[in-house]
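Below, each structure is written out as structure tokens.
Below are two complexes that have subunit A in common, paired first with subunit B and then with subunit C.
After this line comes the complex of A and B, so read on.
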């Protein structure tokens, strides 16, 4: 556990200094600031657009960070052979994997927090109202990003970086299509229905974790819903991390 | 390396978590907010084209709805055929974001006022009906918001001059705590035009209480009706004015609210 913590802290320090991470964060903030120039709309519409834009920017840039970080953790260390120094320490493989994931989780958390706080402060400047109600949406977006990062990391333990990136996007797409696939399943038979069943069970419903629309439209979200969705995300995260650890454990270095 | 025993334990933990996750995912269907957006058929958004479908599948419903909203604003300012292009766009917006109150409001208003005026004579009643249906659909999606009730009440009140249908809806609007006090003024006006003066005065008094006495409109209405409560001549002049307004809107004249004076006969053109 100590080894995992050290690897995580090291990774956080490295990532915070990396230009890619800083550029993505700056771009995200610039996009949000750009939205404040929609001054030709009615005040009510403008507020809605700014919140929608801000939350979507957090999601898109968060996803890009999750994928880049996920791809850039395990595979480059193996390619550069720097992993042998760690494994020889000895640092167990699963500790290395978990350390990298924890580091990724901290970086994504910092990014979501910074972007979220910036959005809330910017909205306060515009509307003179603290929009803390956006935080549950940002929180669940963070959980979604953790799932994407975990998938990318797990796939990167045995596949190429390109395939890992594709896997991340496919996971995202399938996760958001669950309700549509559910509708399709009702009209299917035989093998296609079975396949849709399997996909429905294998992939978490990421659309259910997407509260952006609801927080902006001020729809009441029951606390039990938040608990169910968080528990579901945590369960899937454990599954993905275990698969990643076992796959990395089996890999010939 | 993971020891074989630890590996087995990890696999068991993963299977247990997966078996836990499946019913948790299934239990989401009991939440209304999840059912509302998840069961929207892809055909609801297909009028918005590929963009809307990709948005729905990619998790970018709200931002796409906003982009389409900006586009529909552009069509509005174009006029002419732009007004007709707004319709599928607005329908896609409310399919993507059913809680976008302004979009429902504009959709209902656009059908009942603008498209109604632009449509051929034979289709005009259809556009009023479409406006009413869209408002009702918007209310079903957003039953806790007063705005669409208010717009529907206004449609009956101003567009159709049907105060008997407007009254129950204005009453519903007034039951919302966040509805502004001016909604009570509209209800009072409806009662006045249907010659239910006592009810109108009661509503004016409520409006005055809501503003803790600082409501000059309600105050002057109460004072007026205190003087003219039994003034039948004034009520008749209200009814005659109403019929003139109805003729201006292409609506047939109506009998007096107490039924004692028949509707004036319209001269053949």
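After this line comes the complex of A and C, so read on.
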């Protein structure tokens, strides 16, 4: 645990120093602040639009961060051979992997929090009301980002960086297409039905974790729903991380 | 007591999609004793780095085993007793030298004060006290090499594995690192030194292992591997009358700045010294030249290549 903590803290320091990360965060905030100046809609609609835009920006920029952070964890350490000095110390391979994931989780958490706070403040200026109801949506977006980052990290332990990025986007895409794939499955037969079945069981329903519409339409979100979705995400996360650790343990460095 | 025990170690790099693998290390058997400085030499691709990676648990062998301190190399108790300095080290460039050493020290059971003291001690040892607050991205190659050595020593290891520790350094930097290694040797550390600089290996190592295409061609102390010289080179200030007698002995004297230089077979050395004395001359230099490690290396590798052809 000590090793994982040290590695996570070092990763946070490194990421905060990385220009790509800073640019992404600034861009995201600029987009949200930009949305604040659109005033051509009905006054009631402005708030809705700002919420929608803000949550979309958090999702898209968050996903880009998750993918680029995920791919920048294991592979560069191997390419630059910095991992040699680490593995020569009392650091187990799975502790290294977990440390890197924890570092990624902290950075994504900070990013979601900063972007979320900017959104809440922007909405307060517009509507004179603190919209803390956005937080569950941001929380589930954060969990989705953790899943994407974990997939990219796990794939990067045995595949190239490009393939890992592609895997992240595919996971994201298929995860958000579960209901469409379900409908497609009902009208399919044979091998294609089996394949869609496998995809349906293998990938989490990420659309269920996207609460943007609920928040924009101010629909009540039952706590039980949040708990079930969180539990599903946590279970997927554990499985993906275990697969990543096993793959990294087998890797020849 | 053997600190390193390698038995029948074999590593084959297999392509991801099948096909013929590359034999990087073939049935290596080797023991390194406590307090010994062992030099691992060989041309590029001979298996030196593969051996080191196997010892550090970075690679898994196809056959055979390697143990450190009578434990498996993956054992964390082993990792607490070893230090490793990679070739051309690259570190996290967002850190300063001091932060990097603190980072690596955080993996060992060291409390705050102990860690701070150790970092101070190491920075002084490698002459980097004044650059401790400088970001690593501004370090020169030599500075990185020194910090690389410092991080390998952070846990005061019993076994030190150094991969090309002076590569890319200027003569003064190389000299300083060599002196540091000498000091560590005096402290009783077991050292594995992997280097292309054969003179350095010859100066520092007690025993040497010569690898070639994954095979251990020779292993032993310098005196075992390098035969005694069969001749000596002599320089003396003596009158030209001595030249005739030297020629009569079957030698080929040469005059350089009024001195005579001659290569003398070992069994004639005493005779030639008597001759110089008899002629009223002065002996300036008598050097028995043993075969160098470089000669041995080139000769052994060439012989092997001829056999393989």
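To be clear about the criterion, the second predicted complex is superposed on the first by the 253 of 253 C-alpha atoms of A that agree within 3 Å, B and C clash if a C-alpha of one lies under 4 Å from a C-alpha of the other, contacts with A are read in each partner's own complex, and residues count from 1 in each chain.
Just so we're on the same page, a contact is a pair of C-beta atoms (placed from the backbone, for glycine too) under 8 Å apart; a residue touches a chain by one contact, two chains touch by 3 or more.
Just so it is clear, the structure is predicted and the values come from calculations on it, not from any experiment.
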Exercise. Using the superposition on chain A described above, determine whether A:6 touches subunit B (first), subunit C (second), both, or neither.
Key: second
Practice problem: Determine, under the contact definition given at the top, whether A:180 touches first (subunit B), second (subunit C), both, or neither. | Solution: first
Quiz prompt | subunit B versus subunit C as contact partner of A:205, first or second or both or neither | solution = first
Practice problem: Figure out whether A:17 sits in contact with subunit B (first) or subunit C (second), or with both, or with neither. | Solution: second
Quiz item: On subunit A, which partner touches more residues: subunit B or subunit C?
Solution: B
Quiz item: Is A:92 touching the first partner subunit B, the second partner subunit C, both, or neither of them?
Solution: both
Practice problem: Please indicate which partner A:252 is in contact with in the superposed arrangement: first for subunit B, second for subunit C, both, or neither. | Solution: second
Quiz item: Which partner does A:81 reach: the first (subunit B), the second (subunit C), both, or neither?
Solution: second
Self-check item: Overlap of subunit C and subunit B interfaces on subunit A (superposed complexes)
Solution: 92
Quiz item: Along subunit A, where are the residues that touch subunit C in the complex?
Solution: 2-3, 6, 10, 13-14, 17, 80-82, 84-92, 252-253
Quiz item: Which bits of subunit A are touching subunit B when the two form their complex?
Solution: 42, 44-45, 48-49, 52-53, 55-56, 59, 92-94, 172-173, 176-180, 182-183, 201, 204-208, 210, 212-214, 216-217, 219-222, 225, 228-229, 231-232, 234-236, 238-239, 242-243, 245-246, 249
Self-check item: Sites on subunit B touched by subunit A in the complex
Solution: 1-2, 7, 10-11, 13-14, 17-18, 20-22, 24-25, 27-28, 31, 33-34, 37-42, 56-63, 65-66, 69, 97, 99-102, 144
Quiz item: Quick one: in the complex, what on subunit C touches subunit A?
Solution: 13, 53, 56-60, 76, 79-80, 82-84, 86, 89-92, 94-95, 103-104, 106-108, 151-152, 155, 161
